[in-house]
Amino acid sequence: MTVRVAVAGASGYAGGEVLRLLLGHPEVEVGALTAGASAGMTLGQYQPHLLPLAGRVLADTTTEELAGHDVVFLALPHGKSARIAAELGPDTVVIDCGADHRLEDAAAWQRWYGGEHAGSWPYGLPELAGRDALKAAKRVAVPGCYPTVSSLALAPAVADGLVEPEVVIVAVSGTSGAGKSLKPHLLGSEVMGSLSAYGVAGTHRHTPEITQNLSKAAGEHVSVSFTPVLAPLPRGILATCSANLKPGRTIEDVRAAYEKSYADEPFVHVLPTGSWPTTGAVLGSNAVQLQLAVDTELNRLTVVGAIDNLTKGTAGAAVQCMNIALGLPETTGLSTVGVAP
Amino acid sequence: MTVRVAVAGASGYAGGEVLRLLLGHPEVEVGALTAGASAGMTLGQYQPHLLPLAGRVLADTTTEELAGHDVVFLALPHGKSARIAAELGPDTVVIDCGADHRLEDAAAWQRWYGGEHAGSWPYGLPELAGRDALKAAKRVAVPGCYPTVSSLALAPAVADGLVEPEVVIVAVSGTSGAGKSLKPHLLGSEVMGSLSAYGVAGTHRHTPEITQNLSKAAGEHVSVSFTPVLAPLPRGILATCSANLKPGRTIEDVRAAYEKSYADEPFVHVLPTGSWPTTGAVLGSNAVQLQLAVDTELNRLTVVGAIDNLTKGTAGAAVQCMNIALGLPETTGLSTVGVAP
Amino acid sequence: MTVRVAVAGASGYAGGEVLRLLLGHPEVEVGALTAGASAGMTLGQYQPHLLPLAGRVLADTTTEELAGHDVVFLALPHGKSARIAAELGPDTVVIDCGADHRLEDAAAWQRWYGGEHAGSWPYGLPELAGRDALKAAKRVAVPGCYPTVSSLALAPAVADGLVEPEVVIVAVSGTSGAGKSLKPHLLGSEVMGSLSAYGVAGTHRHTPEITQNLSKAAGEHVSVSFTPVLAPLPRGILATCSANLKPGRTIEDVRAAYEKSYADEPFVHVLPTGSWPTTGAVLGSNAVQLQLAVDTELNRLTVVGAIDNLTKGTAGAAVQCMNIALGLPETTGLSTVGVAP
Amino acid sequence: MTVRVAVAGASGYAGGEVLRLLLGHPEVEVGALTAGASAGMTLGQYQPHLLPLAGRVLADTTTEELAGHDVVFLALPHGKSARIAAELGPDTVVIDCGADHRLEDAAAWQRWYGGEHAGSWPYGLPELAGRDALKAAKRVAVPGCYPTVSSLALAPAVADGLVEPEVVIVAVSGTSGAGKSLKPHLLGSEVMGSLSAYGVAGTHRHTPEITQNLSKAAGEHVSVSFTPVLAPLPRGILATCSANLKPGRTIEDVRAAYEKSYADEPFVHVLPTGSWPTTGAVLGSNAVQLQLAVDTELNRLTVVGAIDNLTKGTAGAAVQCMNIALGLPETTGLSTVGVAP
């Protein structure tokens, strides 16, 4: 089987990571690479690490360029994918790394992103949303990076009613999550040696997505306090997630629930007791590392999760969903081996 | 006035930072410098940034070496300061950068640190504990770095009864807080490009100190969920602290309380709305930067605080307390100007 | 004595560092702060580490704003200082942190910078150029950062004829030397975890300045092979400089020459044998650390020098020259103590 | 074909990288994993990024454990490989990532490493040493990391007599090259934000290896001035290498020589004019990126090369040589795609 794939937004970080993974995918042939302002340049000028494709010239992101592929990955600013998908027709598998189709609530989408909601697509977090809707899907909405790790870190606890439905998440992230946008606070001189919080007090756009995921898992509304922190590293998210245990619940209950939930998941690893996740260990890998503990004085559960925001947090999930949608083994072209140190 | 000062533990990070500040203090003459295993070496081999003292030879940490100074700073592992202080006599000002005399509850001390509690000393966080006990004090317990920023970030809210007495703190720290101990996870190769949580679920020794501080401020027991995270930078702590607002309380109430609490504090800065603290902005300075916001959907307050863990978090507080104890202007030799970028 | 000082270009890294030092200078009162595109904003939005000046509003960089001060620091793009200096009149001390007046050869200036040469000003590297021209100077050209450390690292060797006049310099720098310009390769995500060379093979504008300095010192033309390398840290330059020893010359000759040259220099430190410079040790300080060794198989001298590019490499030198020009003690407001770790 | 492989020294950085690559190698089955002081622990405690092998228990590094494999990789301190290889017998392919068998000159080996020279093995840099000796080899000496990039950066120029046989190399390296040894200067707090030179003036053990390589390529003695610099990143070496062009030689001659030398090499990439190597682009990949320029004023060639010190600089070369020795396609399990940003 040879799957012909196009990538829109190939000059950015998400598009680059999709291509990095596709270059190691045994069933894929890389077709059109498109971009916005970078069209006409070679890929090598933007992605010097993708040597086998360095000489490829970036085309404009148009439906004409993207048509004729089996799968099209969209790594575009939000608001652009619905029209492209419509024009590509229903037979092309379209995998959207952007935010357009993640939220099911149109009102929420409009409040957080502005403009009209383009509808929701099957949600590309198979460990949480299941695989049924993804099998043979022609449209997939890849989750946001923070929602991926935060939801996987808390879902078993809320789903089994082990904790009160009021969670606090502080997630520390590397800078690539902010993309290549030329903003002063993302300059190396500003980032290195410094830590900063942003999107505090429920103002980050990933908040409603986490709330949606956990509320679905819980079967009731879960209130989510979410704060992202920017730290001096290119890749990785470490999420510290906590909630009060319900009366009578113990660490053993929690551990059992997590081990059961993720027993058959190839990418989610509940670490042995005593080991704690690090983002370094999952760099470049599609793995999620989790560990949990209970503060026995407070009866409060803390779950720590680590992912690579560009891999499992974006492009790895996208490839994982492509595999499911095409009926390929889910782990094809994906690894649980990180690049460390 | 010339104050003659000795520093015990001069080869470590805390001792080095005390010396860096003392070298810029106009009333201080640096006397004995002592160390443990490094005794006999020059200071320059351990603190190459302290050029004016580079040729000084480190003496053994003995009472004989430390005697005869007006002020002795102790930057030693816990468990050592009580005996030294006793032997130095009641007239020497002894400022302990370690943990021996921070906790008032002997049982708590024994549980968290082991061994017998040596008693508590006046607590060197004047913005919280006041200055009365520090004026003319001969003994000062310098707070821990996490408790400093966490307590200052939350005290006005709990003191004024604006939030429920159940707080969640996730504090991201640079590596110098762990000192110079030769542990594999502190190697540069491990730290750079990675994030990790440790002391999760109430197992970090600074937890009871934060609880003590906030409970005192609140006049009732405050339950503290505290998680420290290690990030790839040498200095700085960014604490993200949250708690549910009590019914009817608003962001305006909170801001007013913070501005009132810190109006006359030279080192605590509540930033203008829209600006958020960064550790880069306080590098090498004794400043604390705070900002706050309320998630109006959750009615939850989040306060973000930034300090330099070695300056305001350790050595700056120590010098600040020395100034108060000696009747010098509190800001002598201390700065609110950071070294950035 | 109170010196009233204005800073043009206060929103950039060089201007910010000038202000950081001036805030610690006992004889200075900070007057006008001006900027280009940032005019109208508060300084705190650009320099959050300069808390005492955070509320100051940036004015436009015009002669009217800058007039009426004893000293005006210019931290502007090249090509702008001559006109401003002319308009300020001959009595104002104008200290140019930019490149306009560093090169004496008009043809060289035009070749490297374009446009017409505005003439050379007294060169602000007193350790090399001497103090005579700087005393009572009304105009000072602050050296470039690479030329500062490279010239100090090699001058004694070429001046005493100890090495052949053909030197190779590879200087590794932090990112702040590139300023706040919003270029993709300066983003944190690109910088962290990566090393790159630029301006290779004599194409960096600091090459003619190093050549000018060393040729003056040698009394003959010195050929300079210079390569800058960008590394993941905000501040600091480490220059590795080498040249073949002339026949019969030994490490002892070289060490004697360096110790003699810099014996009375407050900011240049030839380290004890066995200690090697690190940029961490001079962070935020005006010190230059040097160490030297001879490869006895090749008879080649290597000198390693470290500075903070923003302090001794720019703003510290500027303040040092202001002190000399005003007849103040040269070290006023400057330190040889770094902020480490 | 299934190749059964053992790794001695599996808890260190070199051993970990060998395993990372072997986990992606389609023909390999990982057998015994041995260690020194870490024997008895699980691999996951030392290499948390190697999830598929995390539960494996490390055995003692003994011949018994290593026997019975097709290939044994040795990632051990120098001085240990000869005995192990002798005991394993002549039929096992032994690939030594250490220094024992790199130098051909016994006297040089003794001077630089001490102890008796164990003889030289076929040198595992096929791009330079050719493949003849490696095909069907049972013993391979993997080159040092600095010699790999330095030799590849300069060999075509010296081999074709384009430059004078006197070269200057300054190579900036990440910290993983120093291994996991617990030394104070390798602590994260010391490394981050700082640059330092070490092994200056021909005192680094890789100097004779570079000299050997380049002299062989040139057919005459090449004098090598080599200085390594430590920079704040975990992986990567950027080597800046220069030499004077011989009279009449031009950049075109040089470029032609490099393109010819490396035309058929799968891992060595001479970048298009205008692009410069970065270590970020080769992170985790086996690629070598090269670019060259001539300073026309000095007639001096500068070649800049980038590798990942752990991949092409150690473990990637080891796997590449295994492939050649076993008659597998040389690129099996190896990639030229880096993990960036």
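The first chain written gets the first letter, and so on, giving A, B, C and D; residue counts start at 1 in each chain.
The rule we apply is simple: a contact is a pair of C-beta atoms (placed from the backbone, for glycine too) under 8 Å apart; a residue touches a chain by one contact, two chains touch by 3 or more.
Protein identities per chain, from UniProt: A, B, C, D = N-acetyl-gamma-glutamyl-phosphate reductase.
As the structure is a computational prediction, the values presented were derived from the model and not from experiment.
Engineer: Tell me, please, which chain's centre (mean of its C-alpha atoms) is farthest from the centre of chain D?
Structural biologist: Following the centroid criterion, the farthest chain would be B.
Engineer: Looking at C-D and B-C, which one has the bigger number of contacting C-beta pairs?
Structural biologist: C-D
Engineer: Mind checking the centre-to-centre distance between chain B and chain C? Centres are C-alpha means, answer in whole Å.
Structural biologist: 35
Engineer: On chain C, where are the residues touching two or more other chains?
Structural biologist: 13, 176, 189-190, 192-193, 232-235, 278, 280-281, 283, 340-341
Engineer: How about chain B: which of its residues touch chain D in the complex?
Structural biologist: Against chain D, chain B makes touches at 13, 174-176, 178, 180, 182-184, 186-193, 232-234.
Engineer: If you look only at chain C, which of its residues touch chain D in the complex?
Structural biologist: The contact residues of chain C facing chain D are 168, 170, 172, 189-190, 192-198, 200-203, 223-225, 227, 229, 231-238, 240, 242, 276-281, 283, 291, 293-298, 300-302, 304, 306, 340-341.
Engineer: Using the touch rule from the top, collect the residues of chain D that touch chain A in their complex.
Structural biologist: For this pair, the touching residues of chain D are 13, 16, 20, 23-24, 44-45, 47-52, 176, 192-193, 234-235, 269, 272, 275, 278, 280-285, 287, 289, 335-341.
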